[in-house]
Amino acid sequence: MSLTRLILVFTFLLHLHFALGSDPDPVRDFCILKSDSAAHVSCKNSSAATVEDFIFSGIQLPKEFDETGLSSIPVNVNVFPGLNTLGLSLVRADFEVGGVNVPHFHPRATEVAVVLEGKLYSGFIDTQNRIFAKVIEKGEVMVFPRGLVHFQMNVGDKPATILGSFNSENPGLQRIPNAVFGSGIKDELLERAFGLKGKEIAKLRKKFAPHE
Amino acid sequence: MSLTRLILVFTFLLHLHFALGSDPDPVRDFCILKSDSAAHVSCKNSSAATVEDFIFSGIQLPKEFDETGLSSIPVNVNVFPGLNTLGLSLVRADFEVGGVNVPHFHPRATEVAVVLEGKLYSGFIDTQNRIFAKVIEKGEVMVFPRGLVHFQMNVGDKPATILGSFNSENPGLQRIPNAVFGSGIKDELLERAFGLKGKEIAKLRKKFAPHE
Amino acid sequence: MSLTRLILVFTFLLHLHFALGSDPDPVRDFCILKSDSAAHVSCKNSSAATVEDFIFSGIQLPKEFDETGLSSIPVNVNVFPGLNTLGLSLVRADFEVGGVNVPHFHPRATEVAVVLEGKLYSGFIDTQNRIFAKVIEKGEVMVFPRGLVHFQMNVGDKPATILGSFNSENPGLQRIPNAVFGSGIKDELLERAFGLKGKEIAKLRKKFAPHE
Amino acid sequence: MSLTRLILVFTFLLHLHFALGSDPDPVRDFCILKSDSAAHVSCKNSSAATVEDFIFSGIQLPKEFDETGLSSIPVNVNVFPGLNTLGLSLVRADFEVGGVNVPHFHPRATEVAVVLEGKLYSGFIDTQNRIFAKVIEKGEVMVFPRGLVHFQMNVGDKPATILGSFNSENPGLQRIPNAVFGSGIKDELLERAFGLKGKEIAKLRKKFAPHE
Amino acid sequence: MSLTRLILVFTFLLHLHFALGSDPDPVRDFCILKSDSAAHVSCKNSSAATVEDFIFSGIQLPKEFDETGLSSIPVNVNVFPGLNTLGLSLVRADFEVGGVNVPHFHPRATEVAVVLEGKLYSGFIDTQNRIFAKVIEKGEVMVFPRGLVHFQMNVGDKPATILGSFNSENPGLQRIPNAVFGSGIKDELLERAFGLKGKEIAKLRKKFAPHE
Amino acid sequence: MSLTRLILVFTFLLHLHFALGSDPDPVRDFCILKSDSAAHVSCKNSSAATVEDFIFSGIQLPKEFDETGLSSIPVNVNVFPGLNTLGLSLVRADFEVGGVNVPHFHPRATEVAVVLEGKLYSGFIDTQNRIFAKVIEKGEVMVFPRGLVHFQMNVGDKPATILGSFNSENPGLQRIPNAVFGSGIKDELLERAFGLKGKEIAKLRKKFAPHE
């Protein structure tokens, strides 16, 4: 067997997990997603499962804040393989004073967020274009229905932290400014859609283009 | 309360269990959503169902074009009660020359669109912010995966028409410009999210505010 | 590694996709089904996806009519790999004058059909054995609830075309005459089931047997 | 009852359809379907549930055989209200010597059947029109995949009994001879579909017409 | 209409929500469960929805500890009506030093728990009867797969707090000691099942009987 | 390719089936789970399927009774590969006189049981800790809602047999005595949870420990 063919086999294996699943009821107790150094991806032999496979330790601390004053750490199946087929994931989001979680949505999940610290202006828009927004504080819980645009802003005078839960192991995320202005949609379309001039669109594209 | 009205109430109750909802497998052959002049909504007695309940006739012609040059007619459970519990709906969209279907998404469905007439620049953005867009023509089919932002623009020299199908009886629709700028999200948040000045945001808000 | 074992491996890979999925919510943006010359089937590396993967171009024209005057082109995951995990598919059906889509059903989906051209007698049977049938015309939409027997006949004086949508990427199809008389069910059973004589059954079997 | 309260009631009814279910996971331990003499149907107060609600006693004995030598007793949510929302149902089928369960299918479920007594020729047809059929005996189990046409015939020399299970609380049933020939589908369509003459179709229609 | 019948109607309405749902994809943006003083339960008119409907404020503080040193506050659809149809819920659990969350399971959900404070011995048992348990600390996340028995014990020297998420709006809870010994299962059965003597069972029954 | 790597590949293949699916609607007619002598597991080439793949013959007779007087034979996807993706499975349970099916539950399914022979005290506990139990006899059917603790005891004077159906191809099973006392949960936790002394717990652990 040539190396090329071997790589071919491994490449198939690598991508097989894309087809697994979706978020319905599991048919096994669990199925830990597996990758090794050779980049194969499949499910770990269940008899080799250990308690470590069901524990994730990467959200004790926030990461660095980005330019809108947000640090967000997703805890989904991509980083926590034990979630595979189990239909649930989390996110830890930290906000600087004035920090913003830009209008965004999750294509495959409802989110329930709990404020762990601070005070946030938090809301969502329904498909009738109505806004449901309010300042929520430590210990309060807010639900963002499946797929609807939502956002938060730290309106307190110290950092804020929320913990979000999703009913999908891989809810996905589309940040509106980046998806719309940073992905390369034709200028003419954006101009007509937003009623903006070419120059204004160009400025937005520049701001949200990847690596610029 | 007259006996007649009482019977009416009981009749509603009688058929309520037919109204099983959401988009999973149905548990009845069908369950036609029912509304009468008094605005009651429940499911029609199945023995009173007629073939007319399963036929919809409102998409022979486009409606008037809106300001982006689009006419779109949804055929979902809200207008076609026979779709209730059956997990499928349609939309007819017509485009003037240069007309645009602004970046939008459906929170609860994948869409498959067929070009019936014309030539459209059509695409979607995935959650890695990559664009998948191309000009498609009469007879071509394009799929927009569940919940992802997508858009079209008539780039031909005559009107264009597409027929979209959704795997939900009520997929929902969020048009980005309206949801983000026309719903009343706080200025400070939008300014920081888009890197725009207060004046620029104000202009966009004015443009997309309802009834203005 | 012997060629035999290699083939064995490839054969496994080939058939793995049978187990993937079903039609619930996806857990990825998309997962394009992949086959190459060696007949391996798996999912395409998502970073190699192109816009062409989401576009299908095979229904611009009808195929040849069969003996009941029908040409039908399914657009499901078997021919349009980009539909994989996305829970939706289509069919284009064309009818000669007098052409018939024989009584059939889809074991895994509801269908919503739009008349693109012509005039069709179209209907379905519910599980109470009631018929819901009517002549529908260009621009009209009819829904055939999940799994129920339905049919169409071109009753106009020119060819007719419909576009059907299904809420499954692979809805399946059982044509009643072929499934019942062309599959090899024992004569005695068919005789008793239909109250027909051996000779009559033999005639039907001959007509619907494959390759005759 | 004041008009205000009446409106209140109607308003409740108006919105009830938003929440109702089907055959996915339940959200309560149980929900016993309720009907009383006044023909109201709703769910029984859970605090009034008794063990009798979860027990069904109607399949100790077969019913009378019909003209194909079959007695079949469905145990679904329509007769056993405790199954509501729980996604499972049964059928008891008895066969005279030579008795036949005509080609039929269940639009909303897979079936697993166990032979309790006797010897049956039992099979199904897949969507490639292949037959999978064999004589099975007491204690053997056969699965009929979701929505596919299947059938049985008692080929032993004493009565036979099977117990079927379905993964839907209301799987539905379409018997092919009755659905196709007894429901009133236009003669011309049936003639072309089956390649039969008007007279032959008329005979079949007469045989399977309701109440004849 | 007599008061009795009126009450009857209201009682029906009261229990209708039992039939609602399950946890599949929603078909509306939201559907807020509604109860008023007269104890009617249905869904709130969506145009009357306010932001308060999507916010829950009852978990800022723990409740009193019970006899195993646990305080647990569920945030499910029964107390937070805005979760209805959205498929997600939470629980806040606080533990005294040495406090125990007894072996229990949720019949309708996977749980993902985050340690907010303290140090807990935490684990679950799979269907092969293997234990997966470990001491987890502040900031760590553990997943308990759908329906499996799990437990926690505060093994630190100060109170501990966890926040659990469930992928059901109403996951249900069965605490093993109470379900098995406090529900009234026949003594003979428990004696044989656990290999305990009548006296030992009697002691356990007394301990876990309701109101004792 | 070294033998080690080959084994690696086979090991991946072996465990791939863990990720397949769950119990939603199938997207193929069937998908027979495949294992060969080299322990590879995948899905059988559908063109190689035979009727034997859909028939299971292992429940004609009970197995040996265990120490609680029960013999139980599951008919799930692990022993009957043809059930794969089809969402249904069975169990045959036989009871000696006085035999007990200890309190247990299925994490992923509702069960409907039919008494084939004998007389059983049979019941379940709901999440309010209420018991629903009664003696049921030959021909009676009882439903045990998804995930709830249930049990049976043969209270007649001859052996009893039941046939259970599940709406999952792999419902899972947790027997309470074994899961709680035989899995290795820390003594201190069990002592506090059950209010038992160390010595009592030790006795129970010994009884239910594997291989003792």
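Here the chain labels run A, B, C, D, E and F in written order, and each chain numbers its own residues starting at 1.
As a working rule, a contact is a pair of C-beta atoms (placed from the backbone, for glycine too) under 8 Å apart; a residue touches a chain by one contact, two chains touch by 3 or more.
Predicted model, so just to flag it, every value in this text is computed and none were measured.
Each chain gets a centre from the mean of its Cα atoms; the one farthest from the centre of subunit A is D.
Here the repeat of A-E among D-F, D-E or B-D is D-F, since over half of its contact pairs match by residue number.
Farthest from subunit C in terms of Cα centroid separation is E. The chain pair with the larger count of C-beta pairs in contact, out of B-C and A-C, is B-C. Distance between chain centres (mean CA atoms), subunit A to subunit B: 25 Å.
Subunit A and subunit D, compared by their mean Cα positions, are separated by 44 Å.
Rounded to whole angstrom units, the spacing between the C-alpha centres of subunit C and subunit F is 37. Among all residues of subunit F, those that touch two or more other chains are 1, 9, 13, 16, 20-26, 29, 107-108, 123, 127, 133, 145-146, 148, 172.
The complete set of chain-chain contacts reads A-B, A-C, A-E, A-F, B-C, B-D, B-E, C-D, C-F, D-E, D-F, E-F. By the touch criterion stated above, subunit B contacts subunit E in their complex at residues 1, 6, 9, 13, 16-17, 20-24, 77, 107-108, 168-170, 172.
Across the interface of their complex, subunit D is touched by residues 1, 5, 9-10, 12-17, 19-22, 24-29, 33, 38-43, 84-85 of subunit B.
Contact residues on subunit B toward subunit A in their complex (touch as defined above): 68-69, 98, 100, 102-103, 105-108, 121, 123, 125, 127, 129-131, 133, 145-149, 151, 153, 172-174, 176-186, 188-190, 192-196, 200, 204, 207, 210. Those residues of subunit D that touch subunit F in the shared complex are 25-26, 29-30, 49-57, 59-61, 75, 80, 82-83, 86-90, 110-112, 114, 116, 123-124, 126-128, 132-134, 136, 138-146, 148, 163, 165-167.
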